[in-house]
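Note that the chains take the letters A, B and C in the order they are written out, and that residue 1 is the start of every chain.
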Amino acid sequence: MDWLQIFSNSASSILSPATMAYALAALGLAVHFGFAGLLNMGIAGFMALGAYGYAISILTFGFPWWGGVLVGMGAAAVFALILGIPTLRLRGDYLAIVTIAAAEVVRLLFLTTAFDPVTGSADGLSGYHTSFRASNPIPAGTYGFGPWTFNAVDWWVRILGIVALALAVLVVWRLMASPWGRVLKGIREDEDAVRSLGKNVFQYKMQALVLGGVIAAVGGIVYALPSAVSPGVYVTSLTFFVYTALLLGGAATVFGPLIGSLIFWVLQTLLSNVLPAMVAAGVLPFMSQIQASTLRFILVGIALMLLVIFRPQGILGNKKELTFVK
Amino acid sequence: MATTRTTLAARAPRTIGVLLAAIAALFAIVMLTAGPASATTGADDDPFRISGNVQLDGEPLQGVHLTIDGPGGKQEVETDENGQWRVGVPEKNAEYSVTLDETSLPEGIAVVDPEDDTPNIKEAQVGAGGRVTVNFFIGEGTRNVTSFFDQLVQRIVNGLSFGLMLALAAVGLSLVFGTTGISNFAHAEMVTFGPVVAAALVSATTLAWPLYIGLPVAVLLSAGLGLLLDVIIWRPLRRKRVGVVQLMIVSIGLSLTMRYIFQFFIGGGTSQLPFSTTEKIPLFGVVQMSIVDMASFAICIVVIVGFALWLTYSRIGKATRAISDNSSLAAASGIDVDAVVRVIWILAGALAGLSGILYAYFRPGLKWDMGAQVLLLMFAAVTLGGLGTAFGALVGSIIVGLLVEISTLWIPSDLKYAGALVVLIIILLFRPQGILGRRERIG
Amino acid sequence: MSNNSSARRPKSKATTTASQEPKAPSAADDTHVMPSKPVERAKSTGLHIGEAAPGVAKVDPIIVADGIRRTFGGLTAVDVEHLEIPRGAITALIGPNGAGKTTLFNLLTGFDKPDAGTWIFDGTSLSGVPAFKVSRMGQVRTFQLTKALGLLTVVENMKLGAKGQKGESFWQSLIPGIWRKQDEEIEERAMELLAKFKLDAKADDFAASLSGGQRKLLEMARALMSQPQLVMLDEPMAGVNPALTQSLLDKILDLKQEGMTVLFVEHDMHMVRHIADWVVVMAEGRVVAEGDPHTVMRDPAVIDAYLGAHQELDLGVVTGRYSADAADSTTDAAASTKVKASDLEAAGMAELEDTSK
């Protein structure tokens, strides 16, 4: 087993666009679930809207890449509004069902052959990178050291991803430390109490829904930025994985989503390298290499269960502040 | 009530022990003999192809609509500017039917073949090569068009079949919610479990048991799964007084775990239970059902009626409804809530497993994430009918089933689930308690 | 303090019935002063116009409600033809369980929608106005089951109560410079109020760590942060230990002193008699009687519906558990000594057999 290669891959994944995308999605979900107490089971739908909004506006409408980013964010905001108006008045588990249904409807709309010319249906979309690459200020070449050696385009993607993440963290942090955040904390615990104090609870929940949704959409864009958009990615399993990353780090904290996503992805990369290698080396008998890969997802499921039962506040969270824990 | 408690409590430890041991042994045998990955390999993208050309006198026809049906479900496609079309399919050595929608042909043009009654429908066999081409004879002529009414009737029948099958699983989901407050996302995997185990028992490559033994045993094992989950997960968590949202997330983790365990054992492709492709027999009008379809319909009705009687008249059934209504009051009046909940989990498991087996014949095809496809429809059905009521789940399922099938008359068939989900969202706006649910008093 | 607070509003034109004499600072009760008895504060009188009947008009109403109906399924929870709440006074809303008091509260504060009815708060119509807007207009309420936000600290709870905070707007909150100063002022005010309620020492503790009674005080203090005109308290004494009751009563009387109107729901008759200026009695969704505390208790409709007979007797004296000296100040101790427990029992049994026929 080539341990050096395995560790190198895992280390390199710390800076991968996928990690950043997960961090953004988890941050968005933290705003929804951790801070506002909204049981949003459709975060994958927001990510899909970001990615498809970006790709479609470039490919079909010829927007520049930053225009695509704005469209992706806008699409998520509109989706949040449409979703929120009827459903924010519903009880918790109803909201979960509606959001998961809405995300699935979005995915099916992107998958259907009826819209194939625009969405690429099952094949997805690719080839939208021209304007993005053209705007790259870094001269061509390879930079970095050790496992973090990337070419100019890869670095451009990562730099933008980090900038987006930093901005999102700043905004969320400022908001939650302000009176606005205080109201949200109150709403999370008891809406009627906050309502009786003169706050428009619906407006706060809607703002939280839009904010979290837009952040998650940026995550979707970052994910699609270097490669392609495929409808098979934005399934409910993705939402569940983001929940795992979020709970791991700490649902109601600002840096929890980042740490959780980082650990989640690095571990995933590590396992996806280690497990098949172990099979090849004969350490794990009775299974094929493909099965070894599937094993890591089984472990995610088990980890999620253990996490939510024994340490629901995650790494950075404070158990006394959690509302979904009894 | 006291008798129920003592009987169940006395029987419980012994029976559970024996049952668990039996299940474990059987499961182990089944899984070890099943072996890794099924015959059909591949990931989610279907690896085999059916393709064709639509031309009129050598000129390509663009935008002609075709429907391909077979293992893996229905797909729709249109010809491109070269008159060409292709779809990916999950299986080779299997038969598919290709239907050309003549309304998408130009005026006065139809599929002509003097020897065929329905020349616009062709059967295609994807052989060992994994690829096949299907061509139609296009010329001037009259069309074979099924009338709207006939299509409606066929879809109503399909919708009812699907709805009843969905009801089996949805009823369990609703009762679990009603008695424990858990929205069980892992119900999808309890549905998948049935056919997975059934395949391991009856398929020719494994134990090859006859259907009439293998399928009931699979249902029993599904019941055992329900019991197992209650013993090792749900009851301990109830004792710990874990919150409802946490329990929902636990069910999500469980769903992920079980889903990928299935993929671990049967791979990513689609396989079939025996006798899944039998020919359709014309019944009345244009309605066609195969023997399997009819048997499935009959089984659904018998089981549902039996269950309804049980729920209404049996002691445990009444206790269930009492607990769903107000569990503290039920407990205070002497009902052993834990024991009843355990029975519910066993029944939910059995019903889900049976539903899964029937679904595997309906699609047709068995896949590691097939349960997830209908999870949302199950939630839709349960919510539509009224969360927590079994009869509501039944009504909701039939409505969802009919909606899904009938909507294909107007919207593309790959959006049919989306249609049902949109209706769910709309209903929740106006009547969140569902059709049979009660509005909760505020404050 | 003047006996009759009518100095602040026009004298009522119509004369009232004899039982409407202003209640002088209980000279008669002085003989039964208990060590922990509070300083008596004068009650407001002259609040109504005409005879004290259900729906009687008030001299200066802060709320005027008309034709309010709310049904749940087949059950009529509230059916109030006309109700006026007097400004600047303490009004008690009493009635048996299920009379519709909390439902009426919910309706008036916008937490529930009636099937029909209109009501005006301080000249503005409130029907159809959502709960948060109602609160902003100067009407604040507390809940039967205290809603002190346990996961926030005490001082954060208080700061939530303040109105018009710039920092609570989404965009403005991103720039601390805009709201920082106002937040500090609010915190100062919060600490002052907390000191009044003797909760300042606990300012940075999570509200969940407070005792039940302290949480009630917190909820009340928090409600005052918005400087409301009308404070509606839903069973403020529920679950509070008797030692704390007096302190709470004093706080409510303080509210009136500062010019606020109070409407509260209670079951504790002694408390009602102590501090209420006006009593509205509900039963089965309707207002069955209105009047000042003393008269209302004697109203046969009220006795039938709610109180049961002999409220003026102290049963401790009747049964001989203690002597007349130790009787409750709000009861008629002398009359209590003359009544025999066995007579009461016999009368009760007779009534039971009567009604069961």
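We take it that a contact is a pair of C-beta atoms (placed from the backbone, for glycine too) under 8 Å apart; a residue touches a chain by one contact, two chains touch by 3 or more.
Nothing here was measured: the structure is a model prediction, and the numbers come from that model.
Each chain gets a centre from the mean of its Cα atoms; the one farthest from the centre of chain A is C.
Chain closest to the overall centre, judged by the mean of its C-alpha atoms against the mean of all protein C-alpha atoms: A. For the pairs A-B and A-C, the larger set of C-beta contacts lies at A-B. One inter-chain figure worth recording: chain B and chain C are separated by 58 Å, centre to centre, where each centre is the mean of the chain's CA atoms.
Averaging C-alpha coordinates per chain places the centre of chain A 30 Å away from that of chain B.
Chain geometry summary: the mean Cα position of chain A and that of chain C are 51 Å apart. Touching two or more other chains at once are residues 443 of chain B. Each of the following residues of chain C touches two or more other chains: 111. For chain A, the set of residues touching two or more other chains reads 192. For chain A in complex with chain B, the touching residues are 39, 86-87, 90-94, 96-98, 100-102, 104-105, 108-109, 111-114, 122, 192, 232, 236-237, 240, 243-244, 247, 287-288, 290-291, 294-295, 297-298, 300-309, 312, 324-326. Listed in rising order, the residues of chain B touching chain A in the complex are 36-37, 44-45, 75-78, 88, 183, 233, 237, 240-246, 248-250, 252-261, 263-264, 267, 372, 376, 379-380, 383, 387, 412, 414-415, 417-418, 421-422, 424-425, 428-429, 432, 443. In the complex of the two chains, the chain C residues touching chain A come out as 109, 111, 130-133, 135-136, 140-143, 147-152, 156, 159-161, 163, 165, 167-170, 173-174, 176, 179, 183, 206, 208, 222-223, 226.
Listed in rising order, the residues of chain A touching chain C in the complex are 171, 174-175, 178-183, 185-186, 188-190, 192-201, 207, 320-323.
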